[in-house]
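A, B, C and D label the chains in the order they appear, each numbered from 1.
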């Protein structure tokens, strides 16, 4: 930065630079060991277990989809930064890898392998690079990538769901036509046929809870196991990379609003099912907590999370799509600057009265 | 505005290229984004705008000395609305085929920024002849822009040109959605600016 | 005492590696008198001093060589010798400053002082003695102590706080003073209580210095001539920046100072423990402030130590005395690692406010370029003043530094907590300084 | 003050001129416009009944509207059918009230001309005279009965049923035996790329030719549409001569009793349309049966 250089030159001009050559910079001269890339790679590590699990649930092609998605995201960032004459080294910070993984996790596991490439280009180039690179994007890149794919290939993106494999035949779906094996997600069935149909297809409620919690259900990679995702999220909270506020408020508000409005009468909805199904868990822990696109203050975070939950339930119950987490987060993202502006940290020093 | 008096031809050409209402003046973006999903839509809306623009420009230019300056915008709106209604009714009555295709678009025009803008900027100051050429240029410029947008969006969005299946599949359905309209408009604006910059640079050299 | 019951400031703060073990057990050793001293004419808050001696004048140890009429503090020669004149010398903070050079007479004997009964002096006499002795705040700010204690009668003061937090990593000079001169500190506290006309004094010490807490407690217990004064030691939870004025006042009394006013408004006078000792020296011994304990530490120096040096001694000479630096020395900091100033040469004189000199090696410093802000909010969480360094930095980057007043930039005292935690390694302190400057400039207009 | 008056005056003048211009155009064009609109609807209906270029409609093809009203008389509820009747050479209308069980209640003459009967407002005024309070009537729907040469050619029914998003408006055409002649989707807001496909011929034409018996049990099946069938359904898009007569007959026979193949990923929309069509057809078939028997019993000479 210019300031550092300016300081260095004045000091150096004044005295003769004596050996050994000493670095000069502004205080503090000590920094914590956390870096952006360290945080990002930790998030990547927390996102790996669901992928491994998904191979056993949906088959080997999830791995290919994730790989294609990650590679296309990283390559897009590298190429576009090169073309825009920005440092290409930013790909090492891991944020493009996270975007790639998240994108792969929220698209159906039965889509063609070229589809994540388009999503990745949209996510990285349009949402991130065009806005100025890491730190300047207004929306969560992976979610924009998904929204783009849903808009462009609605048929594949809403129907390429696969029933879980229960016999560890991980290559079962490789090369199989989507139409032949596709099934509907629990949320889709819930939305259009009601809870009775869900129970008929997936077993009793307790079986549903168990399967949803451990990951045996049709859905995207991210929807496999709530347990694995929660463990990853809790690790991030333990490392203090994210705080509990956003995830808790997202989950609580999804549960709360579903309980009120989800049933045939008020206060008869099934909050547990609502939280375990769809992308609530991954959205709460890994997407709504994205640093760049979420508020920094506690109150802001709580409202942000509650807003996501409310919008999710609204879209699920009244909207056209069976799942609403993606759009709920995207709708709340642009509110982040406003939330940061409205809910400021409490100042240490008592402030003088206005106009005093 | 104009430093040098422009000839009628210049007015006409400028409206299409140098002062293209969508790519350069960024006017009437809503219809541009909303309607430009196919080339045919572009042509139809463009034609409708062309009619109303030319008629309104001439009318305002004719009465420009009688318009009270404080109510000029209401007067413009009134003029446009009248012409829109008249054209709508006439088409419906005597050219039902054209009305079937264009009826919806004609009625959309009432609130178009581009027409009001040209009335305010040009027709209310210039004689009828010039206003006519300016209106013609602007209308054709709008039509041209709509066709370009429609071409890109129809080709990429539904794989068709003028309703004929040229690709046989739908590459990026995204492009027929309204949000992609902004996309294409943005890309086209950049493209035309780039051309202008490159052209000017060459002229300097 | 368990950690939960310890008081501390309410928000923010960090826990950097302390590294105090390098020097905290080492008794302050006296560095031999240097061949010459250079005294900056401005070592305090206020206007620079005017030299009172001419070239070639002879001075003895403790003589006033420069003084100032208004807010400021006298400057005394720490050595006996000859005045060589006024030169420009490198100052760690302001870059270049005027300094008085005095060549040492190697033959002169060190001056000795003996205590007198200070209780016989009146308030005005006490204040005059402190002012004459050139005592300034030794914690770093350098506010003239005499002026601080000379509160206007309409200001109601009820508490004196002695700041022994020493929250900066590495530094141990205050710690050593508390261990080596506990009685002087208690006496100094009583002098100040008398001046202020109050009877309550709290000594805030971070819990990582249990020996100091113990020794001071014993000293208080052993002090028989209490005169109704109530002096207590308040152990504080270890947390940076506990030693900052606002934070320690809050931690000890629970009172927060409103933005833009002096601490005396909330009835508190704060002094560093070392300043207290200097007050005692000035009043009871009549000894002016011309030498002090400085912590010389870090992996970059061969022998870390606490040294008692004359003000004006060049760092290079102290380094020579301690056996030189290690080859991988990469950065020299005057002050602590969090708020100190990096210097480009060792040829820099010690000032009254130099509490330590830090020698860092290559692997301890960070030279990586910084990234754009990712809005993680870590800096907001650790800011002890509840400010938003992230937004300030972004405003400054966008060239809107003058619009940052709403984020409370003026409250920032550059503790560096934000820059410490920033994962993007952004120089947030610098952005804060730039924002302050732009606000000042825009107000001028 | 003078300024304001001036502005008001100028604005008034402008408005008057504009109004005059618009009014003149309107009066000049009104008749032609109405005619065009009428023709449009007529043409759509003719198309639905299966007439076209190679199969011209008979010259005496007539479209007769039957307006259905719900009439309330205190606690009692009736269905009121405003039917065109033959009265000499002129067309007249009669209101036939039927109770909910399908029994004849009352017959009222409605003094209205055929031309005016098409306007909702005029109809209401005319009905007001014969159905004076305490009788309250509300408009329900209108069905079109196409006749030629004194014989019924078919019915065109407007349908409105909930789709995936909002209501889908459609026209259903049936022959006198209630076999489906065609389906036209008029308005809808289904998703682009998904539910919007209900507009497509390959979906709509699946309904063509379904018998009433089949219609009653018509289902939506989630199977891929056979390619051959799809081509047949979209045959207007293909060049002539691609299908031979036998070929068409064969496919028609094969899929005559097939259920409706759902649009990929839009089962809901497909189901909505299918159920909607089923509903409209079944209800109409029931109602027209009741009406016909009443008309016959009461010897009302309806124009159809």
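The rule we apply is simple: contacts are C-beta pairs under 8 Å (C-beta built on N, C-alpha and C of every residue); 3 or more make two chains touch, one makes a residue touch a chain.
As the structure is a prediction and not an experimental result, all values here were calculated from the model.
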Practice task
Walk from chain B over to chain C along touching chains and report the minimum step count.
Solution key: 2
Exercise for the section: Any chance you could name the chains that touch chain B and chain D both? Expected result: A
Exercise for the section: Select, from all pairs of chains, the pair with the highest number of C-beta pairs in contact. Expected result: A-C
Practice task
Using mean Cα positions, find the chain sitting nearest the overall protein centre.
Solution key: A
Fill in the blank from the handout: Distance in whole angstrom between the CA centres of chain A and chain C is 47
Fill in the blank from the handout: Distance in whole angstrom between the CA centres of chain A and chain B is 42
Practice task
Let me have the rounded angstrom distance from the C-alpha centre of chain C over to the C-alpha centre of chain D, please.
Solution key: 91
Handout entry: Residues within chain A bordering two or more other chains
Key = 153-154
Fill in the blank from the handout: Shared-interface residues of chain B (touching two or more other chains) are 173, 177
Handout entry: Where chain D touches two or more other chains, by residue
Key = 192-193
Practice task
Return all touching chain pairs.
Solution key: A-B, A-C, A-D, B-D
Completion exercise
As the complex stands, chain B meets chain D at residues 67-68, 70-71, 74-75, 78-79, 81-82, 85-86, 89-90, 92-94, 96, 99-100, 170, 173, 176-177
Problem - Contacting residues of chain D [partner chain B, same complex] - result: 3, 6-7, 10-11, 14-15, 18, 21-22, 25-26, 28-33, 36-37, 39-40, 192-193
Practice task
Under the touch definition given earlier, write down the residues of chain D that touch chain A in their complex.
Solution key: 164-165, 191-194, 224, 264-265, 267-268
Completion exercise
Interface with chain B, chain A side, in the complex: residues 118, 148, 151-154
Problem - Residue ranges of chain C touching chain A (in the complex, touch as defined) - result: 9-12, 14, 16-17, 88, 90, 95-96, 169, 246, 250, 256-260, 325, 327, 329-333, 335, 337-348, 358, 360, 364-367, 370-378, 380, 383-388, 390-391, 408, 411, 414, 416-417, 419-425, 427, 429-430, 433-434
